[in-house]
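Below: one structure in structure tokens.
Order of writing sets the chain letters: A, B and C. Residues in each chain are counted from 1.
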Amino acid sequence: MLLGFAVLALLPFLVSDSYSRHILIMAFIYAIVASNWDLSLGYGGVFNFGHLALFGIGVYAYGLLTKFLGLDPWLALAASGVISTFAAILVTLPILRLKGIYIILVTFGFAQLVMQLVLSQSDITGGTQGMVRIESLYIPGHNLIRDQKLGYFYIALGILVLSTIFLRVLVRSKVGASIIALRDNEEYAVSRGISLARQRVITLAASAFFTGVAGAFYAAYQRNASVDVFGMSLSTIILSMVLLGGTSTIYGAIIASFVLTIFSESMADFGAWRPIITAVLIIAVMLVYPSGLAGAAQTMFRSLGRLRRNSTAAPAEASEPHTSR
Amino acid sequence: MSQLLEIRDLTCGYGRIDVLHNISLAIGAHGNVGLFGPNGHGKTTLLRAVSGLIRPRSGSISFNGAELTTLSPKAIVELGVIHVSQGNRLFPDLTIGECLSLGAYTTAARQREAASREEVLSIFPKLKERWTQKVRTLSGGERQMVSIATALMSCPKMLILDEPTLGLSPKVKEELCAAVIRISGHGVPIICVEQDVEFLLELSQHLYLINHGEVGAEIKPGQTMDHGEIMSLYFGK
Amino acid sequence: MDAAAQIFAGGLFQGSLYAVMAVGLALIWTTIGVFNFAHGVLMMLGAYVAWQLTELGLPFFVVLPLSVLLMAGFGWALQATVVRPLIGRPNIVLVVVITTLAAASLVENGALQIWGPRSKQLPALGDGNTMIFGVGISLHQLTIILVTPFVLLGLWLFLHKTRHGLALRAVAQNEDASLLVGLNVRALYGLAFAISAGLAALAGIFLGGYRFMSPVMGADPLLKALIVVVFGGLSSITGPIFAAYLIGFFEAICSYYFGLYWTPALLFAVLIVTLMIRPQGMFSSKTRGLA
């Protein structure tokens, strides 16, 4: 996978116009959000419907910190990540021991609540108009817009790399294994001493940090913020990236993000038909390929080299970090 | 001569795990059939395959010549194959009256609804007292009666009972046994899965031992086997 | 005294509205066991279909039942495309959330294309206002308050006194046993969705009569319906009906004392607290029963 990133790092030499780089930067941002969503959804088995709200919190946190507190943009970037993490912990508290549909409902409500909050505090957030002229990031002695957004490109890529490394390390660690164990066989994991509540908090908090940072970067890059980020359309698009890539595969989400962003941009001419076509795609994928493209690939591998699995092997599976649905 | 129910080389299971392996049974030539054997070895799976709740991986099930493995559970019910599930959860919030009405849902059964209801009440008179009570409020034995009564409302041409006496007290078991034998006396062929082998022996003379998803042994009428021999079969050599 | 009467009327109105909005959602959850995130969009579509029909010149007393019927058909079609093919999948609840969400996005954008973003309005169910017990109330609202109990009663009668209603209740309680009794469970799913969509359409028409319609008008009602259903309990439809009126009154009280801004937050807080103390909802029993 280092190869993949190396390729990405060299892309600016191939792709040198501002617009294409913009698309790639957006793809990077979406990839971060999507892969982090996969952490809680795919690996943790917790459907956090408010994940995009964490992104939105990052966006507005950055805007507010730089605008009203005059915080240094880089600090604000990191701080936004922290704030999103706190928000995630906050939303986890009510759903600590809830199951299935209730988690979805509460997190959905949370997302709506955050949006209402932002809208209602229109004095500082700009309400439906949003915030404009947000302070951007800077590298001393280098104008980021220069060279067709080269600077932004590498910063975005950098964040993506950090996020991916973080996710990979987490998933392969003991913490990651326990998260997966809880997803696969909750009763067993709990009986083995894994604390459901604690792991849930960790899962959601971990998924929030880089999402918030991505949000902050988005604000810094676009230099404005609007409540659209809390809308259903963005959630649907990012969710489709997670699903298309296949849940519980970090790279799947990233690749799907690229595919979908580029695909979506190439459809820009279709205007309002874009969300419609996206929606049709999601439905089609869900009907045909429940495990997403990555899942389909994995199924192929599995049937090629069939492992004889015993039905009583469930506990043993929990220690495998890459168990997929 | 075509058998009433013929199961041939059936392989069936859940997900990637097969529970039944190429199992074959022929039912009908010798009256009612009893299935017994250790738990988890495929008896319920077999019944669910017959009634269409699960699709077998391979093999065939034919009832009076009609192939069942390609039919929906609804179609199978319409053919007259009625399966009374294990455990008696039934419809917890429906009254006895409502359950029985539901039993006569198919067009054919609906036409005979009034007559069926009389028949059922003559076999299970106790149900009349509790006609408007919800299933949830009934005792285990009563719920079992409702289950079987509901099945009878569907005008079965073959009745499949999965562990009808499970969890019941001896007295209730006796009542139920008598009722089931009466039903059999009315001319309905019965396939019964039971732990209580005595019950099976009263009901049928054709028994199959299902072990590890395969037919472990077959006992035909004429083969006199006493309880002790069956037990040793059951528990393996 | 005047305030109390005003709050009472307001609560009754909101409660009626919520009841019609939530009961359809609860119906689907109890029979099929999935959550229809396109429910809000169905309300919106119902309103727009009604609007279109009135634009074509049809009298309102024809438009109302016609819209409901059309939407019932649409609900059936929706179920056939994004729910039925998924039956049997292990995480069907999750997948249906996604597909109904996508469907909602589709319909919303479709509506935007067809009818444009500018607000529209439906004719009210009754023009003008009236005074009852010293409280000023619009005829539209009064009609809704009076009509809703009949609608709910109709639903109850259907479920308890008809064969198909019995079948729906059976499916809600034990799907396996329903199959074994010869019920066509798939067709019943379609019926459940059709009824739910019809009810949603009615709710949409209610809403469209006193508020401005827009393609995104379904999002807020969906959230409200969600809160009502969770609060009322996911095991039957009677729970959410009680909850609807309760929350309607609660909202009326909150709006009066705290203003409109804080009410959503308070409602959400109610949701959270309910889930924490009694996750199965206020009025539910342990078994899923439908009614």
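Please note the rule applied: a residue touches a chain if its C-beta (ideal position, glycine included) is under 8 Å from a C-beta of that chain, and two chains touch if they have at least 3 such contacts.
It should be emphasised that the depicted structure is a prediction, and the values quoted were computed from it without experimental measurement.
Taken as a contact graph, the chains are arranged in an open line, each linked only to its neighbours along the path.
Most remote from chain A, judged by the distance between CA-atom centroids, is B. Relative to the centroid of all protein Cα atoms, the closest per-chain Cα centroid is that of C. The interface with the largest number of contacting C-beta pairs joins chains A-C.
Our note on geometry: chain B versus chain C, Cα centroid distance of 42 Å, whole angstroms.
Here the CA centre of chain A is 52 Å from the CA centre of chain B.
Inter-chain spacing, taken between the CA centroids of chain A and chain C, is 32 Å.
Counting partner chains per residue, chain B has no residue touching two or more of them. For chain B in complex with chain C, the residues that touch the partner chain are 51-53, 73-74, 77-78, 82-85, 89-94, 98, 101-103, 105-106, 109, 136, 150, 154.
Partner chain C is touched in their complex by these residues of chain A: 47, 94-95, 98, 100-102, 104-106, 108-110, 112-113, 116-117, 120, 232-233, 235-236, 239-240, 243, 272-273, 275-276, 278-280, 282-283, 286-287, 290, 325. Interface residues of chain C, counted against chain A in their complex, comprise 35, 81-82, 85-86, 89, 91, 93-95, 97-99, 101-106, 108-110, 112-113, 219, 223, 226-227, 230, 234, 261, 264-265, 268, 271-272, 275-276, 279. Residues 163, 166-167, 169-170, 173-174, 176-177, 179-184, 287, 289-290 of chain C are the ones touching chain B in the complex.
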